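As written, the chain order gives the labels A, B, C, D and E, with residue 1 at the start of each chain.
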Amino acid sequence: MNWEPLLLTFELALTTTIALLLVSIPLAYWLSKTTSRIKPVIETLVSMPLVLPPTVLGFYFLVAFSPNNAFGEWLNSWLGLQLVFSFGGLVVASMIYSLPFMVQPIQAGLASLPASLSEAAAVMGKSRNITLFKVLLPNIKKSLLTGIVLAFAHTVGEFGVVLMIGGNIPGRTRVASIAIYDEVEALNYEAANFYSLTLFAITFGMLLLVYLINGGYLKRFWK
Amino acid sequence: MNWEPLLLTFELALTTTIALLLVSIPLAYWLSKTTSRIKPVIETLVSMPLVLPPTVLGFYFLVAFSPNNAFGEWLNSWLGLQLVFSFGGLVVASMIYSLPFMVQPIQAGLASLPASLSEAAAVMGKSRNITLFKVLLPNIKKSLLTGIVLAFAHTVGEFGVVLMIGGNIPGRTRVASIAIYDEVEALNYEAANFYSLTLFAITFGMLLLVYLINGGYLKRFWK
Amino acid sequence: KKINEDKTLIRMAVAANMQYAIKELADQFEKDTGFTCEVILGSSGKLFAQIKEGAPYDLFISADLTYPEALYTIDLTHEPPRVYAYGTLVLWTCSSTLRPSLEVTETDSVQHIALANPKTAPYGKAAMEVLDFYGLSSKLQDKLVYGESIGQTNQFITSGAADIGFTSQSVVESQAMKNKGKWIRIIDTAYTPMPQGVVLIKRKKPKKQGAQAFYEYLFSEEGKDILQKFGYSVHE
Amino acid sequence: MIKLSYQKQLKTTDGFFELSIDLDIPKGAFICLYGPSGAGKTSFLRILAGLLAPDKGSILVNDIPWYHSDKKIGLSPQKRNIGYVFQDYALFPNMTVQENLKFAQRKGQTKDLIPELMEVMELSQLANRTPDTLSGGQKQRAALARALVQQPDILLLDEPLAALDAQISTKLQDYILNAHRDYSLTTILVSHDLGEIMKLTDTVVVMEQGRITKSGRPQEIFMNRQLSGKFQFTGTILSIEKQDVIYVVTVLIYNTIIKVVADATEIQELRNGDSVVVASKAFNPVIYKIPERS
Amino acid sequence: MIKLSYQKQLKTTDGFFELSIDLDIPKGAFICLYGPSGAGKTSFLRILAGLLAPDKGSILVNDIPWYHSDKKIGLSPQKRNIGYVFQDYALFPNMTVQENLKFAQRKGQTKDLIPELMEVMELSQLANRTPDTLSGGQKQRAALARALVQQPDILLLDEPLAALDAQISTKLQDYILNAHRDYSLTTILVSHDLGEIMKLTDTVVVMEQGRITKSGRPQEIFMNRQLSGKFQFTGTILSIEKQDVIYVVTVLIYNTIIKVVADATEIQELRNGDSVVVASKAFNPVIYKIPERS
């Protein structure tokens, strides 16, 4: 049993989830507040990464990020970013791919809060940022959790996009989902089962812990 | 340009979304209400379909649904259900695969409603069902929409699971995502682009319409 | 992460149907030469797209000639592709009650026949030719299910979801599948031969010693023996 | 007849709040729950409505056990036919005022009270508004109307008139009283307004820290507390004006303003805003009936 | 000095509600907004706080434009230093009572009012409770304390004492009045309680249907409405008892109960619950000071 792909998977999922959270909170906040006419367009765009099959999406990322291409070239020469066949590329692609799972629950959560909460904070002279982080987000913990769990789990199970732009390179881009897939392809069902079960068990444990804490079942140990 | 895969895709996505809505509403309602100790376990299980790579999940479905297998045999002989290489199978598999996207936003939405709403309805003698459908769900439209959009879009873009248990049969299980993938594999990038763009454009249009209606931008024509 | 750009490392992109043979080839080669082989499996189309966009592979061992030739056309290889083997097609079943034969596919005990996608996979194309050759294609139309690759076709067959199917001989000869199910080899004349090509990828870095060595190893007697053992035909 | 006898512990972050109730409420009574904030009045109503289960004890209504910890009986709120005006109104945000009322109607209910209620509560203008566009008082009226639509056997009112001005609250008091009589309801009102309590209720139950400390007719309960019998009132000084050699002190007593003449020595210790008692030396009151408003 | 002069249309499902305000409020004033439910009182406060923008006009505070439609000025609520007690309290559910108060503290605020406020509002016991475990009145006290923590220049109170019993509301009235004086606040109170208004405010602004219809000192405003000057009160008959040849009528006047003697002819048209006027024939009132409570 090779642990490398599993470690890499959780590293990727964690990085993606954190980065995504940073991007999604302002975006969801803006969407929940704005009365701009382009809001529905942005909302639609946010959902779009879901619509294309992951391998196809991966294919487009591959073409876009490739140094053969103007955009990839620019990234490479100006920012020193090489997004194809690199861990950074996996993170960027996973973020785009999982964006809707993070943005939509947070947005729905924020929209459901009574307006008087932000108003009370505004009257107290608190900035939008403080209001967001101290008042609004702590009151939509359920929705934040939904977003985090969906995005994390989705990145763990991500396959098509990663395979396409990651290139299955051991230790760098060969995450667990690809390792499992390889074993299945090779008809090594036992190895595949073993990988799957381990992945399943670890993730199950992690999520269970999250839900237990969230449900207050561990209050005794937690508080 | 062959329209069949596109039609099939939307048929699948629509069927899956509707069926999933029927399953998810009671499940999310139960989860939002219950104080049972197994709640975190169920919550975790609901998220688990995300964690396995879709093709691997598809492989397990394939094994489970195969008529060689006790469960598949039983389905086949008792219910007359043949789930491998059939549209029905795609629906069942897509439902399981997209379950968390539907359940979690609805659950978070329901949990955020003030308890006094259901209490007021209970005092009026309204059953749980009536309360759910007339009072609770209409007040979490945003979250329902999130669930529907995520599940629908996710099924449109679904690939691995469908590929695995669908068998790529034209007109029956060959949905657009697979058609696009085939074209990419066959190096017919132009055809793939064309399919992708069409899929993208149609789904974009549909979702935009949903968001426009939801945002009240079309009130004039709608009401 | 630091890339392991070690001089002795050969990174080869290998089509899915070669996965068993390549393992033994690579093991043997490593033992003989001291180079390290890293095998990246995938469908030929995907590997092609990745190489085109600059994937760090040294060698591309394809399941056909189309993709290597396409790479050659866009000037990503040093030489035109060379055929290292020809694939052979078998009819395989994992059902305990069936005996594999083309006749049995017409009976009611066969509900689904698995083959690789004829549009993209050479083994799928060959399988269709076989059905045409025996005049079965229209009769069996409704029973056919298509795998994305030969690998997926194998999964249809081994899971029992498809009662019978066409695959590569290298699969049924493999260590893992040796005693699973029953198979028959399809007569060579029923389909056009399936030449499988290999190319050395042009990269910015200087050509690697090891890659060249493995390329040559494929055509050595030892290499040919292994390929043959896995059911490939190596006559040119 | 409602017989209550139960205990309930509410867990709060800093310990427990214990509710312990023993009370019989005759059928048709109009009871007031009176007591300081946090005494357990809302919890009392919630337990009666079935929204909160006691820990032990029993609730019998016309000898039918609605709750019985030993017999493990706990009737659901749906089966209790109770009208409830919540402290936070609990109007359904997705429905207009009229739809809120329609929703409350019970199946098989013969009389349609909605038009009448909309009229009396001055809601007709607001029929098609959703709750989020209503003012506080408008919400409260809608919630009250909604609780009456279903013609409940028991009506629970949690400060139903707190956000209303005197004019409309008088009107609604009359309406509640009529509804109470006409439909022979048993009504329990939480209120802090003594006038309202006196006018409406026949029994006051005083709660303090989860227990009933006193109960009786409003007169009995409040007479001891107030300056009983004598014609004297507590008020606040609004102004002191000098007129020639005397002073005119304007005193606000509730919402009536009276002027009292005082001399310089009397005035010395008085300031604007002071609380004072105004009493009559030789008082001989007469009483006049006010004609009913149309 | 606050100079208000603006118009605002609120779109409702059945047409428009138009708010049109012209009002000057002197610095340090204690104003009451009075008017029927739906008159626009809450909207008035929201516009002043910057939570709602008028359509046109201007709001000048100490000659600084907070809002000016022509100059396209609209100061954000953050910059207005206003304390606001919302009608629905708007306590933050994720914070305890104490944390709610702490959050309201402004940066660089020198004096820490929290302990004092917790004491006066009787919140010390509830410091670590979250709002969802508070009773209605407890929430209201917490919201009031929170609005005072930040030592605002202007204090807006939307029925801040509606859910409180007489005892604590008297205490809080005193506290509000002291705070108003001590911190030289300009305070605007929405209230329906005449006693409260009389006690606290110096100007009453009467609103009806979005317009200011009257304004002036409370005495002026309410004196005309009440039976002014004379020592006579409106009350409700609680009971009529026969004692020998005369009748003793018990009348509730606000929360004071008095007994009036009447003869058989006087009694004929009187029934329990009737509204009556009790007046003095030969009245000669005296006034006593009540000692300050400790």
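Here, a residue touches a chain if its C-beta (ideal position, glycine included) is under 8 Å from a C-beta of that chain, and two chains touch if they have at least 3 such contacts.
Computed from a predicted model, the values in this text were never measured in an experiment.
Trainee: Quick one: how many steps at least from chain C to chain E, stepping chain to touching chain?
Mentor: Steps on the shortest route: 2.
Trainee: Compared with chain E, which chain's mean CA position is the farthest off?
Mentor: Taking each chain's C-alpha mean as its centre, the farthest from chain E is C.
Trainee: Could you check if the interface between copies chain A and chain B is built from the same residues on both sides, meaning over half shared, or from different ones?
Mentor: Same: when the shared numbers are divided by all numbers used, the fraction is over half.
Trainee: Taking each chain's centre as its mean C-alpha position, how far apart are chain A and chain B in Å?
Mentor: Going by mean C-alpha positions, chain A sits 19 Å from chain B.
Trainee: So what's the Cα centroid distance for chain A and chain D, whole Å?
Mentor: Inter-chain centre distance comes to 53 Å.
Trainee: Could you tell me the distance, in whole angstrom, between the mean C-alpha positions of chain A and chain C?
Mentor: Roughly 35 Å separates the two chain centres.
Trainee: Going through chain D residue by residue, note those that touch at least 2 other chains and give them in order.
Mentor: Residues 88 of chain D each touch two or more of the other chains.
Trainee: Residues of chain C that touch two or more other chains: which are they?
Mentor: As it turns out, chain C has residues touching two or more other chains at 46, 49, 152, 155.
Trainee: So which bits of chain B are touching at least two other chains?
Mentor: Each of 59, 178, 181, 184 in chain B touches at least two other chains.
Trainee: Which pairs of chains touch each other in this structure?
Mentor: A-B, A-C, A-E, B-C, B-D, D-E
Trainee: Please name which positions on chain C make contact with chain B in the complex.
Mentor: Listed in rising order, the residues are 43-46, 48-49, 66-67, 70, 94-95, 111-112, 114, 117, 119-120, 144-148, 152, 155-156, 159-162.
Trainee: Quick check on the complex: what are the chain A residues that touch chain C?
Mentor: Spelled out, the residues of chain A in touch with chain C are 55, 59, 62-63, 65-68, 84-87, 163-164, 167-172, 182, 184-189.
Trainee: Going by the contact rule at the top, pick out the chain D residues touching chain B in the complex.
Mentor: Within the complex, chain D touches chain B at residues 49-51, 76-84, 86, 88, 90, 92-95, 103-104, 106, 150.
Trainee: Help me check something: in the complex, which residues belonging to chain B touch chain D?
Mentor: Its residues touching chain D are 114, 116-117, 119-127, 134-135, 138-139.
Trainee: What residues of chain A sit close enough to touch chain B in their complex?
Mentor: It is residues 37, 39-41, 43-45, 47-48, 50-57, 59-60, 100-101, 104-105, 107-109, 111-113, 140, 142-143, 145-146, 149-150, 153-154, 156-160, 177-178, 180-181, 184, 192, 196, 199-200, 203-204, 207-208, 211-212, 214-215, 217 of chain A that touch chain B.
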